[in-house]
Amino acid sequence: MTVPVEWYLVLSAAVFCIGIFGILTRRNALIFLISVELMLNAANINLVAFSHFYGNATGQVFALFTIGLAAAEVAIGIGIILVLTRNFGEADVTLPTEMRW
Amino acid sequence: MALDTLGGEDWFLHLAPALVMIATALALFGVDALDPDSTNHRAVFGVTLAGTLAALGSAIALLFGMGPELGTTLFSDQLVADEASLLFTLIVTSVTSLVVLGSYDYLEDLPDKGEFYSLLLLAATGMVLMAHANSLATVFVALELASLPSYALVSFLTDNRGSVEGGLKYFLIGALSSAVFVYGISLVYAATGSLLLSDVGTAVTEGVDQTGVLGLGVLLMVAGFGFKIASVPFHFWAPDAYEGAPAPISGFVSSASKAAGFLIAFRVFTTAFPLGAMQDAGIDWVFVFGVLAVLTMLLGNLAAATQDEVKRMLAYSSIAHAGYVLIALAALKSGGAHNDWVLAGGMLHLFVYGFMNTGAFLFVALAEHWDVGRTFEDYAGLGEEAPVASAAVTVLLFSLAGLPVGGGFWSKFMLFGGAIQNGFWWFAAIGLAASALSLFYYWRLIRALWIDQPTDGGHELDGTPTGLYVAVLVAALVTVGLLVGVGPVAEVAFDAAGNLVG
Amino acid sequence: MIIEALLAVTLLGGIAVLLAPDRLAGKLAFGISLGPLLGGLWMFWQFDGSGNLMFDSAAKSFESSLSGTTLLSMGPWDVQWLAAVDGISLPLVVLSTILTTLAIVSAWTPIDERQSQFYALVLFMEAALIGVFTALDFFVWFVFWEGVLVPMVLLIGVWGGPRRKYAAIKFLVYTNVASAVLFVGFLGLLAGLDGTITSFALPEISQAIHAGELQGVGPFSPEELATVSFFAMFAGFAVKVPIVPVHTWLPDAHVEAPTPVSVLLAGVLLKMGTYALLRFNFTMLPEVAMANAELIAAIAVISILYGAMLALAQRDLKRIVAYSSVSSMGYVILGLVAFTVYGVGGATFQMLSHGLISGLLFMTVGVIYNTTHTRMVGDMSGLADRMPVASWVFVAGAFGYMGLPLMSGFAAELFVFIGAFGAEGLQYSPIFTALGMFGIVIVAGYLLSAMQKSLFGPFRLETDYEIGRAPFHDVAPLFVLLGLIVLLGVAPDVVFDMVESATQPIVDAAAENGGGA
Amino acid sequence: MVNAFDLVWLIAALPFLSFVVSVTVGRWLPKEGALPGIAATAGSLALSLWAFLTVRSSGAHYENELYTWIDAGGFELTFGVLVDPLSSMMLVLVSLVAFLVHVFSMGYMNDDELHREKGGFPRYYAGLGLFSASMLAFVFSSNLLMAFMFFELVGLCSWILIGFWFREEAPPSAAKKAFLVTRFGDYFFLVGVVGILVTFGTSGFADGGFPQIASHFLETGEGADHIWVPGDLDTQTWFSILGLLVLGGVIGKSAQFPLHTWLPDAMEGPTPVSALIHAATMVAAGVYLVARMFGFYAGLPTVLAIIAFIGGFTALFAASMGVVKDDIKQVLAYSTISQYGYMMLALGVGGYVAASFHLLNHAFFKALLFLGAGAVIVATHHHQDMWKLGGLKREMPVTYYTFLAGSLALAGIVPFSGFWSKDEVLYDALLIGLEQPLFLAAYAMGLLAVFLTGFYTFRMVFLTFHGEPRSEHAEHPEPLRWNTKGPLAVLGVLATVTGLLNMKPVAELIGNHDILYLENWLDSGTAANGGEWMGSLTYHHYGHLVHEVAGLHEGSPPPSAELAPIVFGAISLSLALGGALLAKSIYDVPEPERMTDRLGPVGRVVQRNYYLDEFQVWLATGVTEPVARASNTFDQGIIDGAVNATSSVSLFSGERVRRIQSGAVTNYVLVIVMSLIVFVVAVGIVGGWFL
Amino acid sequence: MVLDTIAFALLAVVLVGSSLGAVTVRDVWHAALLLGVSLVTVAALYVTLAAELLAAIQVLVYVGGVLILITFAVMLTRRAEDEEEVSA
């Protein structure tokens, strides 16, 4: 391994931050989902990189779980987003604000 | 390889509650699949209740030593079976049983009953697994297993904008939090090279090079837990989701899910991040939890005090209670003589809280069933019309406030007493002040029930929903029973806490 | 077993009353309340204990075989069932049972809705009161202590006057904050005794503190811990007593509560505070009390005078009696801080006396209110013309309150004054006492004015019905109370003997620990 | 053999029994309680006489504990009986007057159809019975605490009886005022009692009692160990403080300046009550108390001076107000105050015998005057204004002559009783006054009051009985029955002759001190059996204390030692006569004029009682009430306001806090992320991650 | 050696770029496509880290499953939006 593992750390952090940036700036529920996926991927990059670094498979296995769960999450999320669209007419997360305070 | 040694000695016995619930959930799919168009509610309900009660019974049996010896790890240390896991299995299965009981009447006119119950059981299974999780990987998987069905359950009323809104917020914040959480795990892995809690603990104790990475990871994990247990400032989903969700689900999520979240927090932070080593490394998570605890107690109670709707008040009160339990983490002290007391207080409070809070939410379910309305004013006069249920919820509310009419008194005493013993008297002071304030808003509901005159001549209460009634009564009776019978539970909690903080 | 039996009878009776139909509830509750009443009197008759339960030297009376049973284990600590009485608590138990029975009778007229709930709550409260005065394990005690709160707040909230909601929530939150404070204070003591004690038994804790086992906790040295705990508990109990400036819940609660509840509130509930002060603060931590004797005495004197001045400004008969309680309770504090047999014993005696007299006055005001539907001094005049019995009983009670000799109030106040006047541990004790004693002038001022304006003069009251005599069951309790007041005034030794025997150890301990005398 | 002393408790118990009878079954009895009262007081009188005679015959004194009220904490508080010359004399006096008043009441109350109080008489006789019981028990109290307790009870009875006509406006108000003002004095008394109990560990009067301990200490300096003194106060100063505190009660009860204001108002009560309580007995309680514990006061010169000065001042002050009153009972009330001033003056100068003497005489002649006034009042259908009376001499001869006897006694005209005792008081005061100027001032005031007394007494007599009737009622007074006339006659005789008991000037003149019966009687403790402790209750002993311990020496003897008492007696007699003659010249005319108007502003001030009532009312309503109201405002506003503010602030902040839950999920995320960043930065900086 | 570094740099640039694009482009559909790009890039990154299996699963599950789901959702939700635009 020639690329220092810290670089992966930095890269994943960058992706993670991009994800947060997306969540903070966009109102579309799907973009929200996409951003979350990016963050999960950032975690995976870390896991895989350090799995490689430490030479054990733990990280990779965990990354596998993460991918699976991310998929499930998207499935549930899309279900909810569809219901949201049905009820509120738009996939805009800032729309439902009936419950507050 | 024989079946019984697949994951470790007697693994299926250790995991019996979870397995029973998974099996029940699958059976439900089966029952439901036979005739999807006209679900036989009684059958589905019966199967579910039988399953949860079986799980509850097995948990109790295990706790009483009728199963294999406790304190073993399963599946290459991925899972652990000890007093703590059993205690929380007990909490989760009890709450689930109550919620199932209460759901029968609640679901009467709703579609997709089978799905509801199976999601409930799957979520409960996830929570039980959370109680058993012994590695960051299983923690995350179990957490997600518990969360994903919960999202669906919260937005179960697909035509109800409130339910959808609550579900959406729950899901969005949940997704963010799980991403943050898993990123935190990845950083911890990066710093320590392991996901097993004990191994992480060892690595931390031996010292890690990347303190910043570890610290960031820990804090991100705190955020993840904070979401799960609805601690300020990660609580934002909670009031909206609890308010929007079907009332039994509000009770379920705010009791069981919170309890499970707390247990893994207890386990992770005591095992994987030993306090002494972490403080040496400059990662003072106790301080962070202290801040969270104070913020949560204050904000939860203050916001609850000014609510107009009963359900939302209970939602904020549930946040406030998370604040009390956070003291269990915040009042730990490196080498403190009474860490077990503090931690046991937290566990005990979660146990009692499971009954008190679920009972209270089920009472709201009862009111929703009767179409009473949402605000305190709408509840006026219920005490005369439904005296038994009102009396039960009165007891529950007083107990929530910490008056010694129920087990809530003991658990609060353990929490605050332990904090004082460990020298964190200000937590006790803030907690008690907050409790006193909490009495104010719980009283508003009691007042509405017993004192206020109904504005438009009372309610038309059609029918007596037996299931809900039984559930509320059982919750109240257990709560009162815990006033005198808290001893055995407290012992288990002490043992469990002793195992964690050693 | 008698204590346990009293508790069980009262609790089960409460449940029975709860299930009874409304029209029978009052009579049934009366019948049930005779059980604890007779039991209490039997205990009083048979009492053979001596000394103070908090001390080793005590000869316990009525301690059953159940005592010492471990209810719960909390880690290394046990919560036990410990119940016994001594010369301080037994009179208070008897007072509670007497007043409860009388309050139930006096409720027959004014309480006309949700009767079974009302009487059941009263009985539950009686059980909790007996518990408070008999339990010797902190947690059991605290359960009873808070257990009094719940029925009381419901009684005020459901059956109270027009502002009952405000009064109830104020009472609830106020006293609960106080409980929280005292709880922290006591937990501080427990923390300081870490490793010494294995149970929460108050005698054990008290003796451990006296033996100097208290250790520092956190930033506090043992002395600081004792002081902090003392004042935390003092503040907590002060609310219940109540002592100025934490008294403002009292007038609201008293005024809004229905008459029988006011009777119990003033007659017994306030005594919980002073009883606890005596049991906890002044028995366990006498040296702190003595070190701050002047401060406490000043608080007591302010309570007496300020409370009396407030009473002077009131126009509502019930409010007058309510504020006068603040004043009267000040005497108790003054007596306690004196640490003399007459002071502490007189304080205990004053608890009893005030319980009886304020109960009598509240009941009389209630009888008047039942008939006239007003309590405002300015609204009525010459009531003695139409309601001679109630009026003259009120006069008798008022003179009892003013400390007329041969009534219990005089005996109690005199004992307190004698005890406080020469208190060795209290600097300027004669001045404090003399200032406090001025309360007897102000009390005469407001009670005489109120009587002159409302009872005497030409009869004047606008009603559209005939003002007539009150029914027998309304006035009968008044005479029972009056008889007891005179009995205690003429023969204080009936009670004071046992009070003295329970007081002496406290005084001795104070002399040893506090270095006074 | 039954001993009289063993039955002394019955003296109080019998009237108490009549009280119980009146309260319980009184309304069904004939005369509604009067008869049991008469029987009981007659019994008391008989027993008192028996006790008196026993004391006289055996010279024995009797002290006994009846009942231990409480015994705790090192000293016991008891009820006991102390019968000695002073108390036995007082017992006879009180029971006699009580008996007569009971009899008179039948005529005054029961026979008066016009002012019948429906169902009220049992209450009246209950009050009288309770009063008699309390007063008699007060008299034979063996200790100060017991005395205080019955002192308070007589106050209660006074309240009940003044407010007897409670359906009217004024009586309840007067009753309240009487109780409050005396209560104010009793407050000091109670402090004093408590102080004495704590200081000496006992409040007994007699053997081993506090007067003995105190005087023994003052005399010899011994026994300091058993005396508790607060702080580093000088013991004698402390005694003086205690003495002054007790004196507070005396001033209140005996209506001395400045707490005298209640007594004139107390005249709202039925007139027999005024006679019994507010003239003859209860008001005497204060003076009696000082006499009772004179062993304590006798050694305290400061206190004695204060007593004397208050007494002298009150005598003059009250007399000046008596001059201008129009209501016959008011005149008598102020004269009562004035006469008690004389007694105080006497005590202040060590004139223990003179005070007792005047107390005795005054009780008879003032009771007589009040009953006479009562007879007038009842005969004229409750007209009390002297300007509406007049000329009653013809229609009511018995009343007139007895009233005249009482008036002569009051004015101090020889040989009626008042002359002898008043003269002795003034003579004693003069002797001390010659040495100490302060006492001389008191004497001068007393002397001046003699003139005023003569004046107002005869103004009253002339206006009431002489001249022409000035109203319908005075013209045709109702006839009176035996039950009114009988008591008047008895008292009339007594007022005339009791002065013979202690004719000091005569004794000095003839050099025979044996005729000083009263002085010898009060000194009989030593004379009779010479018992060790009884010495402490004798006039002799007191005199010794006053002279040796208090240091009040009698001044240089007057120019002619033998003539002295006569000379000064003549001076006061001539002053009294002068006053009487002045009154005659002004008022014994067919058409007397109101002279008060001519006095101008001074007259108005006097007529308004020097605005002292207004001042006290102002203290109550102008100072105390605003303070109370201010306290209430403070309590409601600040203290309760703070409580409510706490809740408001909580709720307000709750209202604010919950606003961060904006409902928009992006805001939630923002807050979560920002707080996460804050946490990371904070913990990072604290933990040193960035180093 | 250098090759690895260059590959990493290249992948990193693509990853960051496409990720940024995914969260910033206006159109959701484009965002989904760009997410696909970044997911594939991550898979490529896995290959460089000797996690070929994971890379395969990443492509299968993410690109094959998740992305299709998202695409599907985009279609569904967009239609709703369009309808609203039409009606508006």
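Going in written order, the chains are labelled A, B, C, D and E, and every chain counts its residues from 1.
Here is the rule we use: a residue touches a chain if its C-beta (ideal position, glycine included) is under 8 Å from a C-beta of that chain, and two chains touch if they have at least 3 such contacts.
Bear in mind the structure is a predicted one, so any value in this text is a computation, not a measurement.
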| item | value |
| --- | --- |
| Required minimum of steps from chain B to chain C, each step between chains that touch | 1 |
| Central chain (by mean CA position) | C |
| Maximum centroid distance from chain E, chain identifier (CA atoms) | D |
| Most widely separated chain from chain A, with each centre as the mean of CA atoms | D |
| Which of A-B and B-D has more C-beta contact pairs | A-B |
| Between chain C and chain E, centroid-to-centroid distance (C-alpha), Å | 75 |
| Distance from the mean Cα position of chain E to that of chain A, given in whole angstrom | 11 |
| Where chain C and chain D are represented by their mean Cα positions, the distance between them in whole Å | 37 |
| Distance from chain D to chain A - Cα centre to Cα centre, in angstrom | 97 |
| Touching two or more other chains - residue numbers and ranges from chain D | 647, 658, 661, 663, 665, 669 |
| Chain E, residues touching no fewer than two other chains | none |
| Contacts with 2+ other chains: residues of chain B | 168-169, 172, 176, 180, 239-240, 437, 440 |
| Touching chain combinations (by label order) | A-B, A-D, A-E, B-C, B-D, C-D |
| For the chain A and chain E complex, residues of the former touching the latter | 1-3, 7-8, 11, 14-15, 18-19, 21-22, 25-26, 28-31, 33-35, 37-38, 41, 44-45, 48-49, 51-52, 60, 63-64, 67-68, 70-71, 74-75, 78, 81-82, 85-86, 89-91 |
| Complex contacts: residues of chain A adjacent to chain B | 5, 9, 12, 16, 19, 23, 29, 32-33, 36, 39-40, 42-44, 46-47, 49-50, 53-54, 56, 58-59, 61-62, 65-66, 69, 72-73, 76-77, 79-81, 83-84, 86-88, 93, 96-100 |
| For the chain D and chain B complex, residues of the former touching the latter | 647, 650-651, 653-655, 657-658, 661, 663, 665, 668-669, 671-672, 675-676, 679-680, 683-684, 686-690 |
| Chain D - residues contacting chain A, complex | 658-659, 661-666, 669-670, 673 |
| Residues of chain C that touch chain B when the two form their complex | 71-75, 114, 139, 142-143, 146-147, 149-150, 153-154, 157-158, 164-165, 168-169, 172-173, 176-177, 180-181, 183-184, 187-188, 190-191, 194, 217-218 |
